[in-house]
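As written, the chain order gives the labels A, B and C, with residue 1 at the start of each chain.
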């Protein structure tokens, strides 16, 4: 609690406990294709937050309303290795929200050309499964997981499919990508806007807004969280900051 | 519900159900419909029907979940199996878990939770019929149910959806529009101060469009607010 | 408040309603202040009395306050006191020293000799902090209530049931030849002749607290036929 008060005291002076500026990310470290068994993968570290996204591709029956489109499914697991608060068991509410926010950023921006993933209309399509594994949680899981998922997708190869069988390890080409949405979560603490919160900063936040920004400037998904409200001016300023930071993060792709 | 490629959702400035772009559907609100609950309400937007019941504040068990200095809110949003074209499998889906969380957060800023240490205020929502905008319909119902339960509130919470179809900004998406929209943006806010307590968006919108849509949503929210007040007063009209 | 009209509904306030400014009125219960405004916290009856403005909730749970007189039911007998249900989100505890005046040798006496599970008591809230509610039986009014019938009403409507200087409750007692004790926690104990008639009147007040001319309506209800 003392530390929480200290964090707030520093923020009043536009300072942070680790010396960063309010709109400054921690060091971001990206590793691509770290998992040979996966069709695509990436590990993203933002400071001490460590996230792995793995892509598996499977043959699926398409949804009846999109018979000629591949499928996208995102799952997130807060493995108990990552934080003392994470317990074994079915996905928690927060893990479910994380998966859905990451999923929407990618889905709603039409990142993947799903029509190119149809094998037999109405019968057989490629399913793209994004699985997010949190290795260490020190805040900002949404941005880290979104970035890891996007980079993993950009490095995903489609396996060979022959005689009704997936030939793992042999590939016919890259996953067709159309767009690259970057997710930036801006938090409001007191009257300050702060990005890339550590876990202990998250514990004192008032509200957050996660914004997925596409390369053409379109906003493709938003999610508000936190126990306090935001006014229109807050939202506008938070989107501005997210858009600005998304340009910086995009350089890492 | 099926996604239809290239569907024209707006013709001659009118939507397929005859509404103008910024017109909300026919709305019905009724307070105090579940005698067993501390508070309850039904809200209908077009064919979307949400029923909300509030139980509590009541002692939260097991004990380790209690907060020593305030109440917590527990919320469950659930779709009745018969509420949609294809039967909804019973049990909480990931979508329902997420919606339950954002609805809970939509009320956290407005309740005087510190009055009720160690307790829970349970908000249970059943979607009886779904035709788009179910989470915002639920929030209007929950706002009324909380007031009906005598839970102290800073303000009522008003909610509606906005979006974009065929390049036009619209309000209160129905199911067909929801499935085929270019963007869908549910929002909840406190009636007086316009403090936004829920905001989500899916689709493609420019920042200017988001701003413009919010302005229109606040305007239409005034109407919904008046309906909430009327529904509350009607509860005690005699 | 303006004079009671013959009939009709009293003014209903709703949560978030701005009731007036602090420069005109003094805020009282059921309201909060925001930017110089007095705002309602509840769906309830608006009461303006002198300069004071308050809202009496039409529903809600009982929140214990020190000094409140309540009626409770003993739900458990423990080693050093009794657990009491006081119709509130929190259980109350009556400790040995607050429950019994005489010295008790715990080795020889069972506590259920004083209050047993199911006993109804009229007690006072001694303290209520962070969900920890303590009761006391010290004072001449506080005792075990024997026989009688219990009725629950909305706790916020207790003042309405009692009426100005006890006018309403005395009317019911007199017309139904009953003894009535009202706990501020919304539990009412009734004993005497026409208990069913008294219950009817009490329920009516609970349901119709928001209308004008309630006293007349209750008088009429109690005078019907043989009263």
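Here is the rule we use: a residue touches a chain if its C-beta (ideal position, glycine included) is under 8 Å from a C-beta of that chain, and two chains touch if they have at least 3 such contacts.
Only a predicted model underlies this, so the values are computations on that prediction, with no experimental measurement involved.
Enquirer: Considering only mean CA positions as chain centres, point out the chain farthest from chain A.
Expert: C
Enquirer: Taking each chain's centre as the average of its Cα atoms, which is closest to the average over all protein Cα atoms shown?
Expert: Of the chains present, the most centrally placed is B.
Enquirer: At what distance in angstrom does the C-alpha mean of chain B lie from that of chain A?
Expert: 26
Enquirer: What is the distance in Å between the mean C-alpha positions of chain B and chain C?
Expert: About 35 Å, centre to centre.
Enquirer: List the centre-to-centre spacing of chain A and chain C in whole Å, with centres computed as mean CA coordinates.
Expert: A distance of 54 Å separates the two centres.
Enquirer: Of all the residues in chain A, which ones touch at least 2 other chains?
Expert: Not one residue in chain A touches at least two other chains.
Enquirer: List, in ascending order, every residue of chain B touching at least 2 other chains.
Expert: 190
Enquirer: Could you please specify the touching residues of chain B with respect to chain A in the complex?
Expert: Residue list for chain B touching chain A: 1-3, 94-95, 97-98, 100-102, 105, 108-109, 179, 185, 189-190, 193-207, 210-211, 214, 218.
Enquirer: Would you tell me which residues of chain A are touching chain B in their complex?
Expert: 64-66, 91, 93-94, 96-97, 99-100, 104, 107-109, 209, 214, 217-232, 234-236, 239-240, 243
Enquirer: Where on chain B does chain C make contact in their complex?
Expert: Contact set of chain B toward chain C: 38-39, 56-59, 66, 68-69, 112, 115-119, 146-156, 190-192, 229, 232-233, 235-238.
Enquirer: So in the complex, which bits of chain C are touching chain B?
Expert: Touching chain B: residues 9, 12, 14-16, 18, 32, 34, 39, 41-44, 57-61, 63, 89-91, 130-131, 154, 156, 210-211 of chain C.
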